[in-house]
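Got some structures for you, see below.
Note that chain A is present in both complexes that follow, paired respectively with chain B and with chain C.
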Partner chain A sequence: MELSRRRLLLGAASSLALLAAGCGSSDDSGDDTKAASTTVSDADVEAALQAGGSITVWAWEPTLTKVVADFQTKYPKVKVNLIKNGSGNDQYTALANAIKAGTGVPDLAQIEYFALPQFALGKSVADLNTFGAKSLDGTFTPGPWSSVHSGDKIYGLPMDSGPMALFYNKEVFDKYGIQVPTTWEEYAAAAEKLHTANPKSWITSDSGDAGFTTSMIWQAGGRPYKVDGTDVTINFDDDGTKKWTGLWQGMIDKKLLAPIPGWSDAWYKGLGDGTIATLVIGAWMPPNLESGVKAASGKWRVAPMPQWASGEKVTSENGGSSLAVTEASQSKTLAYGFMKYATVGDGAQSRTDQGAFPATTAQLNAEAFKSKEFPYLGGQKANEVLAEAANQVATGWSYLPFQVYANSVYNDSVGKAYTGGSTLQDGLKAWQDTSTKYGQEQGFTVK
Partner chain B sequence: MTRRSWIGWQFVAPFLTVFALVFLAPIAYSLYLSLYRTKLIGGTSFVGLENYSKAVEDPQFWSAVGRVSLFLVVQVPIMLLLALLIALAIDSGRLYGSSFFRISIFLPYAVPAVVATLMWGFMYGSQFGLIRYLNDWLGTTLPDPLAPNLVLAAIGNITTWEFVGYNMIILFAALRIVDPSLYEAAAIDGAGQFRIIRAIKLPALRGPLLITTMFSIIGSFQLFTEPVVLKTIAPNAILTYFTPNYYAWQLSVGGQQFNYSATVAVVMGLLTMLVAYLVQARAVRKAV
Partner chain C sequence: MVSAPTIRPQARRKAQPPATPRKRTKSWSLTAITTVMLIYTLLPLAWLFISATKTQDNLLGSFGLWFHGDFALFDNIGRTFTYQNGIYLRWLGNTVFYVVIGAGGATLLSTLAGYGLAKFAFPGRRAVFALILGAVAVPPTALAIPTFLLFAKAGITDTVWAVIIPSLMVPFSLYLMWTFSRDAVPDEILESARVDGAGEFRIFFKLAVPLLSPGLVTALLFNVVVTWNNLFLPLIMLKDRNLFPITLGIYTWNQQAQTVGGDVVFNLVITGSLLAIVPLIAAFLLLQRYWQSGLAVGSVKQ
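Right after this comes the complex of A and B.
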């Protein structure tokens, strides 16, 4: 969970996965000849688990360690090698390189939702329809479930999700008499009130973050990316995008955003001492606060994400990852067996208990989950708010098939809006141009 | 007697093998890569010199080259002048605790660049770093060293701190091997310290200064670690094409454009060789 989002900021990637498709895959091992052509039933998967074998998993999600141990107790003949090969982009690079080299490819890899289309397009990850993954319809919440789809194909199983919510420092709000904002208008007003009352305190920090921006545009109704196979449309000139840039540009102009880069030491410190009063971020945040911002224990609370019109109930996803079976895997059936255990079986419950934010409806709607009190959040039953947010995620969003690259150069163009050399809307246009150019160079039809 | 003896080759074989493996092979591979282009859709194709013509017209590449060139002409003279002054001061023998002084100036060189940059990054912080404390204490608003217009100077400061001691040691070592009898002779002729510096020490330093200049030119063109580390705390000031090496790295890691990345690396290698050659040729001509 920790790190769930850090890689969004790092920007580096693996479109390579795409080219690798050709060289990486071969289905010539025992259980895979079958997997490639026919549908593998649940019974086949169970049989493979009983027969045993060995699989390698690349993931940085910490809750998987216990899942692997439990899994191996349940299926003693299966050996799972859990390897942390860096997180986010570091791992994608390693994965892409392994796929290109054709050796050392893991059977399963953790891949974030925004990066999955890239691996899917290059057929680096296997279509799970072979295993009847379609029957899992309804098992997962709509946001993550649509994120692992590409057309009819299913390229991964959701591991966690990040519906957005408003995390706020209640102590700061109380001190300056600020009401919890329910709309963005109120949020901007609160930002001004707070910063006027204490110039060393800001409503939030932002110095340009592609993951945050796209999630905000998503909620505002913007759909800048349209992807149909290799036909891609990029357009940041739509109303949803403008809604967000209008709000945020105003906050930048009035210097209402702390110029503290996310996930830096200063950021953690600022979250702890009241310098940064709120965070609009994915539901996976609480464990990060607990471990990274110990100083503020008991001060933070969770509220629904502010809305564009009062009374609305719309959220978007921010971060979150899936597990995917690589096309190069020699033990796909076994890999699928573990993956299912970790994402919908006992593993899903175990990971939820360990603090992960579930993508499965069963865990999300469980009474014990909803009524869990978070001591860090002053005893608040935060999951009530977060689970509701998960059910309100707006549909129809898609990421670019080269989103990882696009995110990595985000600050080159949009960053200028934060240092005073440009505006968000112009910055996004420049980002659109860079992404378009890259897409065209890579053989996509980009409009 | 036409039999050729291979004994000599056998002696140099270990070196040649390693040399070919770690030096020639990567260069050859880069050259090979630079002649192709790989697309996500469409695969790999031979494109001849197209990548090179692209590099020649690539504003991001030239902006990176411009940045390190500016860095080179400003930072390197400052650093070498400082190193020279310190070396002369220590060599003058008029300094108390000169060996402590020497070690402490040299010590930053032993600090890994990543650690040094993190440390300086903290001091540069205007939210929670030293700058903030200075501002609070003095009631001032110091300019943010990590702002886009100052970040290059901030990096120059870090590299100067890191490498002054290293260059100073090279210069100081050269001064130590000057024959003391020259100083005696100069003293007998009535030469003062500054006259000695001009007539004996500086000429003795010509070679070492050339070497340190060469190292510094190469070091400037290869600037990489400092900007990469500072990127996390100054995401909008450090662009992904901040220096040529950063750009080449971003192209391959961020964009998976290995072919173009190799091209940028080859062009940059040639540029570095050219500049180093010009500087050396000029220095040698002067010496004659």
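Right after this comes the complex of A and C.
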């Protein structure tokens, strides 16, 4: 019930956002790919910060609380109103509603990478080239930096990043004599070995998660989405997608995946008691393990993401968020000043120190960062593995400009495949059809 | 509320069951079904209570329907009230405020309107009534976004009014009060009161309200529960954590488990939920007497 309500709401909200998208892009399609030129210099931003004012930030990222406090100490005349209400889809619904209503829009909003294109195309968030954001080239790791781009336009600054890695329960692996898999073939073999040895233990859980699926296809080389302005192509029939569905279908058929929904209490329980032995997930995971799975302290380790061919070094991004300045903001310069402080300036270090996984190369390559020992991970210097993963993210991926909606209906199309009622490849085809239909209804040219 | 009814309708007396004792027939199947229903109703509550006595670790690592490890109920309660600078208490206060103003106001409005529709003939009465019946059928969820846009125009989103004003309109409660008014307030009493020269408001408050009190309490309880449990509307309307009702607050605590770097506090979510239902249960037990008699009104042809 709750799900269907949220679904309804989300659908309504994203159609509002996209109605705006359709109109906006037809009005001035001429300069859609051309970036705005710099009109506000760094000196102007600094002057605005000194002059002071007040901005509102909608963000759920916990490390921002300290960043805001530090920022206000440094710029006492600026008041940052940090509002933490709702994460993910709740946030996007609220943002789309406020934008549609034209009141109550925050100056800055946290938006996950997969959702940013939707707000970018809807002209809900501002092109940061006005502030010379182009000069930040090289400041961020390639994965997140390309995620905030749409053509030459830059719609947000990366706040964190989620290069994928393999988190595994070493205790379970040792108990059943399982080697850490380096390829997906070995991973599938380990899955079978583990589940045969202990029918109550699975290599991982998956009951259908659009974010995970797209990240896995991304690593496998699939590029199902191609976006050029309002021209969109969706095709899950490519080789990369089939590589992943082949592997995962085999594991589903042999019932090697625990049917436990991610982020549920059962999931946290499974991570703690050995029911779920590995997670292929973004590098931001350690703080969540530390906070949510205290029982398994010392048992988990991190290894590179398994590869499709032995010796390869390819990863993809999973999750991660940007901060974006809203088009409706009356204090864009001030907002940009805070955003830069939080993502590039002192805030980047502060947030890394608090456990966030940085998107900035300076923090990522710092010796202190790499040599940090994680007591939870048995003293492992996990950032060595994770920082390397960040440098191996495959290029050329894009999300749909209506990915928030698409992800919300993923389980309607593909969900059956996880319980054996259909196949992943058929499910993805159905998802493709649903997404195509929705995109066309919103005024996109979808093929 | 029932202290001063000067006239009791004879009709209601007649509706009482006959005083002659009847032999109670035992029905095993009925007992069995009732027992199953009882267990079905109480199990989640038992789970909630038992879970609230566990620490975060034991909560996930133990069987749900029995106690395990340290009895952490009081520790959990203490942490619930102090977590995030004690915002839980503020949320609880907000909910009470929304309930008193929202549910109280809704009950008053629907009693006035229900009585008016039942006892006064005026042009367009049938149309108004049809509109209300139609409104009962429209799920509030469907109106959420339009209401938000409307309120945004009026500039009252993210204020207490955004929660209170929609809570005041409860078509179902109005319908209930219409039924109660029609059946529990005989026209003869109203007419004799008018003959005696009483004004309409005096008749309403001195005569009708006492007669309506069982129905009024039923409608009040209904409105209290709906307002107390309201999640969807505040979720859309409110951004300021300090204005959250308890439901939305607990929801955001639960959501923390699903965000990067979020603090996982399932134990506080559960303890907070347990504490949040205590006032509701208390209200039901205290008002049970009125509520039970209210349920029967209109069920017997007088």
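Some observations on this one:
We adopt the following convention: the second predicted complex is superposed on the first by the 411 of 447 C-alpha atoms of A that agree within 3 Å, B and C clash if a C-alpha of one lies under 4 Å from a C-alpha of the other, contacts with A are read in each partner's own complex, and residues count from 1 in each chain.
Rule of thumb we're sticking to: a residue touches a chain if its C-beta (ideal position, glycine included) is under 8 Å from a C-beta of that chain, and two chains touch if they have at least 3 such contacts.
Computed from a predicted structure; not experimentally measured.
When both complexes are overlaid on chain A, the residue A:Tyr405 reaches chain B alone and has no touch with chain C.
In the superposed pair of complexes, A:Ala126 makes contact with neither chain B nor chain C. Contact with neither chain B nor chain C is seen for A:Ala382 once the two complexes are overlaid on the shared chain. By the document's definition of touching, of the two partners only chain C reaches A:Gly104; chain B does not.
After overlaying the two complexes on the shared chain, residue contacts for A:Gly208 are found with chain B alone; chain C is out of touch. With both structures placed on the common chain, the touch criterion links A:Ala356 to chain C but leaves chain B unconnected. When the two complexes are overlaid on their common chain A, residue A:Gly415 makes contact with chain B while staying clear of chain C.
Of the two partner chains, chain C is the only one that A:Lys84 touches; chain B does not reach it.
By the touch criterion stated above, A:Trp284 is placed in contact with chain C alone, chain B being left untouched.
For the contact definition in use here, the residues of chain A common to its chain B contact set and its chain C contact set are 9, 12-13, 16, 93, 263, 265, 269. Residues of chain A touching chain C in their complex: 5, 8-9, 12-13, 16, 58, 60-63, 83-88, 90, 93-94, 97-98, 100-104, 160, 162, 263, 265, 268-269, 272-273, 282, 284, 287-288, 291-292, 294-295, 319, 321, 354-356.
Contacts from chain A toward chain B in the complex involve residues 9, 11-16, 18-19, 22, 89, 93, 96, 121-122, 207-208, 230, 258-261, 263-266, 269-270, 275, 401-402, 404-405, 408-409, 411-412, 415-416, 418-419, 421, 438, 441-444. Contact residues on chain C toward chain A in their complex (touch as defined above): 56-57, 59-61, 141-142, 144-145, 148-149, 152-153, 155, 157-158, 232, 235-236, 238-241, 244, 252, 255, 257-264, 266. Per the touch definition, chain B reaches chain A in the complex via residues 38-44, 122, 125, 127-129, 147-148, 232-237, 239-241, 250, 253-258.
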